[in-house]
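Each chain carries a letter (A, B, C and D) given by its place in the written order, and its residues are counted from 1.
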Amino acid sequence: MRKITYDQAANEAIQEEFRKNPRCVHLSTDLAADLTEEFGTERVRVTPIAENSFVGTAIGLAGSGFRAVVNLRMATFGFVALDQIMNHAAKLTYMFGGQAKLPVLIRMTVGAGFSGGAQHSISPYSMFMNVPGLKILLPTTPYDVKGLLKTALVDPNPVISFEPFLLGRSEGEVPEEEYFLPFGKAAVRKRGSDVTVVALGRMAHVALEAAVELEGKISTEVIDPRTLVPLDRQAILRSVRKTGRLVVVDEACRTCSAASEIVALASSDRTTFARLKAAPARVCGLDVPIPFSPPLEKYVLPDRAKIVKAIRAVMRRPSA
Amino acid sequence: MRKITYDQAANEAIQEEFRKNPRCVHLSTDLAADLTEEFGTERVRVTPIAENSFVGTAIGLAGSGFRAVVNLRMATFGFVALDQIMNHAAKLTYMFGGQAKLPVLIRMTVGAGFSGGAQHSISPYSMFMNVPGLKILLPTTPYDVKGLLKTALVDPNPVISFEPFLLGRSEGEVPEEEYFLPFGKAAVRKRGSDVTVVALGRMAHVALEAAVELEGKISTEVIDPRTLVPLDRQAILRSVRKTGRLVVVDEACRTCSAASEIVALASSDRTTFARLKAAPARVCGLDVPIPFSPPLEKYVLPDRAKIVKAIRAVMRRPSA
Amino acid sequence: MQPDDKVLIELYTTMLTIRRFEERLVREVSAGNIPGFVHSYIGQEAIAAGVCRHLRRRDRIVSHHRGHGHCIAKGADLKRMMAEIYGKKTGYCKGKGGSMHIADFSVGMLGADGIVGAGLPISTGAAFAAQLEGKGDIAAVFFGDGACNEGEFHEALNLAGIWKLPLLFVCENNQYGVNTPAAYAMAAGEISRIPKAHNIPARVIFGNDVEEVYRAAGAAVAGIRKGEGPFFLECRTYRWHKHFLSQQLEDLRPAGELEEWKRKCPVAAMEKKLRNRGVLSPAKLRAIDEKIMRQVDAAHDFALSSPYPQPQDALHDVYSS
Amino acid sequence: MQPDDKVLIELYTTMLTIRRFEERLVREVSAGNIPGFVHSYIGQEAIAAGVCRHLRRRDRIVSHHRGHGHCIAKGADLKRMMAEIYGKKTGYCKGKGGSMHIADFSVGMLGADGIVGAGLPISTGAAFAAQLEGKGDIAAVFFGDGACNEGEFHEALNLAGIWKLPLLFVCENNQYGVNTPAAYAMAAGEISRIPKAHNIPARVIFGNDVEEVYRAAGAAVAGIRKGEGPFFLECRTYRWHKHFLSQQLEDLRPAGELEEWKRKCPVAAMEKKLRNRGVLSPAKLRAIDEKIMRQVDAAHDFALSSPYPQPQDALHDVYSS
């Protein structure tokens, strides 16, 4: 099968849906060159640097029968738009008793590991998960990003796609034929029987490396949820019930992270809890703003060695 | 001892510290009448409705050697200021390698239960907990709010005080003498041996009622963390190790809530995990925007009956 | 564009409907019968009436926290409005929104909103949609003087300006945001200086004279439909009640100001004109009022007799399907 | 306020220091020696130099993502700057900030920032502090043309206006935000229309002529110190490099534009003037350049030979104590 990059795959999803649906509109600071060329400057608008209002514009478009795609670029630029995303995109459909469909797709990159400094190196998905009304994607391969964005582009709801910055130029197989991936369906990246590793975003790849490294010694099941809302709770619970051990890997800061949610999910489920053989563990970014200097940044982020160590630790029985 | 309201107690803290420290400045939309009268319009500034910029102004003041208090009123109004709070107040000290102290106190009300509708009825503290660099208060009594704000007003860091809207007019004993309460020190509202209930914000009161209702049948320990960052992890773990059972009550939406964090904390601690007799439970707001209509709102929020039910459920052994 | 008699009567009827509806709410809120925050539109009726008279059903409006007047003027049903304000299942939002989030998409009323200024960029989206559709439809956005200090105001003006959006900005300058005077909160002095700086034409009008609002809005809407881009109307007015009806905060506006503005009541002024010009006799006026009162009563009865939603209905409408 | 020879030489020296520092960074970034995002100030040196020459140490400035020039002009140490850009322990931020978050509070440089527009309200706070202290100090804020489309720009102007803050707004209009032309992104056409609408006096100047910047900033700063409130300077200029040095995105600015602006090089123009007016001989000019080159080399050596922070240092400075 042909191989293309993550960013190309994402772009293809948008192009295909824009071809089918003339009511799709694209908003971003700076040019989306391929899109403009094909779809023209009416539908593909360059915006001033004014995120709160162009996200608001997308909401107004969606409430008026259009479908809007907003590319915020880096997640940190979206912080000036959180009122429109959290107070409006997430809530209007509900507040208005279902009168308004709001098909808005908001894309932004996340993650650290490129010396971007504290503001540009963030993975803030958990705060959006605490706001009901949004669907939340965290695609980790070219195949997934295309299939999930395709689905997002026919979904009648606000969808946020968090796209790990460092994966943008990673390559992977993507079929030529059209396909859609369902939301709420995790991918099992590797089957295993000793321990379940749920790994988010770029960490799905790093966790897989860790699992391969341990092969022969520890049989690790690696789950990539792919979408955080809806979250494939059943896939996670099923796996943990089988293995009895859980490690969650997430480069976001640990406190109140998506990893915390997944640990809470597994431990508060009675059946799963009863099968737990060890305390679930989180391997996350440390609770500090991400520092610029490479040795500092490396220290605060999860990596293969830390994941391996955590897997080894949960394989021991609880101490006390 | 004299009794005063929660709001009066908070006000006293500010007045006392403004008397001592002439470099304290207050910013809020609309008049803080008592403050203006005593401290004048130079230091007590009414702002236009422009939250992102008056929070930014507070940061600039703090970075220039002043201490700023910002009253955002309801937490939802702060969503237009999240860039300044999360990208700036939380991170500048770190990004600048400790060059800048940023003593900014940001106050806002939280909570639901007054038919405020989806935007005005929020409890968004978990999203701030995921951003390192902020200290976070959630005071639940007049005594606590005064003592914690006093401490906030001598702390050299950005502090957010989340003040439950419905507690503003609740009364409680507050000494005349000056006192400060330390951050990171939970209050045990009731001692017990069967189950630990960690209850946040207004739910601390409701959980206490539930515990009293169960008295004689189930011995419930009720813990009110009072500050979420720093969180008194030791007090929570100590209690759960003793009781072996944990129920966390939080009116915020459940997914990625502070309750999720507390469940994850207890279950991922090896010693505590080993002593757990039942799966920890969360009693939270349902994952929907808070609806306006009273019967709907009642349905989605935790209340005494739901807490009692959850406590009873964890007293049974895990099923599977 | 001078309104003819028929239009005058319609404008008057709309204003009086808003007035009577809002008066009823004042009574019910004081009696403790309505939960939540209710922001009264009394005193500002001429703006909603005069502007919306020029709008087609397909034109879209975006409102703010003080949104009942816009709803009524755009053609929403009093019954379903009242039911919503009471949190009933038969309300526009099935009880999920209440007064502050009232909306009727079927008449192009895209909703009241609880966040000051946030409707402005939503309206640029609605106007953008109209522009893309190319049928000569437009959007209008209502907002207060206080909202003009939020950054989104500036951003929305700029977007409307660079894209020449078919958008009518209607600033309801009632001179205060809660207790803060616009004169204090705004360096510009005159709000209309700001749109003008963005090259958006602007006019300041007396917002309590429905004929003036009608004429100014008519000219503005005609230009916008022709593709001339956005227009800005600043309407000077005054709110009669506290910021919201059940508010505990003191009303700190200067003594006497309210009385002075009550003398400039938009409804009474219009009634007087209609009577003096002989457009409507006292009997006819009384008949209109009685009819409106019956409608308001019927709306109220409808609301009271409607069921609350089922508790589990709270779980629906988080997502559309 | 015409600069005398001594001042002219200082202005030139500051500009050339920025230029040589930035040229070194261009080389090191291309060689892959510097991690992260580095935004070059080359082409805009006259603005930082001309404005900061009027500022006292106690005056505070707030910068943006393109912040090296402001740092140098406000008197920061090249060694600690270079060390920071390399992520070394000896850097201003102990390696935690890097180029985009460089700061030196000891000289009143309150930091570069990665969020477009966000420095504006921080600067209103710094100016508010100066006002409260009442010692005649002021604040200055640097920002690009793109930042003027963010709502915070409008909000900061308004705050400065209503409170008459001692704040100098310095807009570095290099005509693009990344690849988006200001002429497209801004309905106002002229940025200075916006502050004027807020009743803030504004002037448009040629930002590549350091004498012009010096004179205009001098008059503005004098007025601000006297308590006349904020002033707005729009400086027309051009960025020579890509938006940030290692950027993959194509530079879409029209062909020829850069060459045209290179002919308006602020440093070369000043050098020529100094030579033509006989202020500095070619030999003296060479000596200045050589001295600066030695300083830049020394800064670079210092950075290279400085240790990285210890990994565990990452845990410090989350909070102050």
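Just a few scattered comments:
Here, contacts are C-beta pairs under 8 Å (C-beta built on N, C-alpha and C of every residue); 3 or more make two chains touch, one makes a residue touch a chain.
Owing to the predicted nature of the structure, the values given are computational and were not obtained by experimental measurement.
Looking at the partners of chain B and chain D together, the chains they share are A, C.
Once chain B is left out of the assembly, the remaining chains are all still joined by touching in one piece. Annotation: 40 Å between the Cα-based centres of chain A and chain C.
In terms of their C-alpha centroids, the spacing between chain A and chain D amounts to 37 Å. Chain geometry summary: the mean Cα position of chain A and that of chain B are 29 Å apart. One simple way to say how far apart two chains are is to compare their mean CA positions; for chain C and chain D this gives 46 Å. Residue positions of chain C touching 2 or more other chains, listed in rising order: 93, 95-97, 101, 113-115, 118, 149-152, 155, 158, 162, 184-186, 318.
Looking at chain B, one finds that residues 47-48, 50, 52-53, 76, 79-80, 83, 87, 94-95, 117-119, 132-133, 287-289, 291-292 touch two or more other chains. With chains as nodes and touching pairs as edges, the resulting graph is complete, every pair of chains being joined. Put simply, chain D touches chain B in their complex at residues 60, 62, 91-97, 101, 103-106, 110-111, 113-115, 118, 120-130, 132, 139, 151-152, 155-156, 158-159, 162-163, 316-321. Listed in rising order, the residues of chain D touching chain A in the complex are 35-37, 87-88, 93, 95-98, 100-101, 113-118, 146-147, 149-152, 177-180, 184-186, 249, 252, 308-315, 318. Within the complex formed with chain C, the chain B residues making contact are 29-31, 46-50, 52-53, 76-77, 79-80, 114-120, 286-289, 291-300. Within the complex formed with chain D, the chain C residues making contact are 149-155, 157-158, 160-162, 184-189, 193-194, 196-200. Contact residues of chain B toward chain A in the complex are 52, 76, 79-80, 82-83, 86-87, 90-91, 94-95, 117-119, 124, 126-127, 129-133, 229, 252-253, 255-261, 263-264, 267-276, 278-282, 287-289, 291-292, 318-320.
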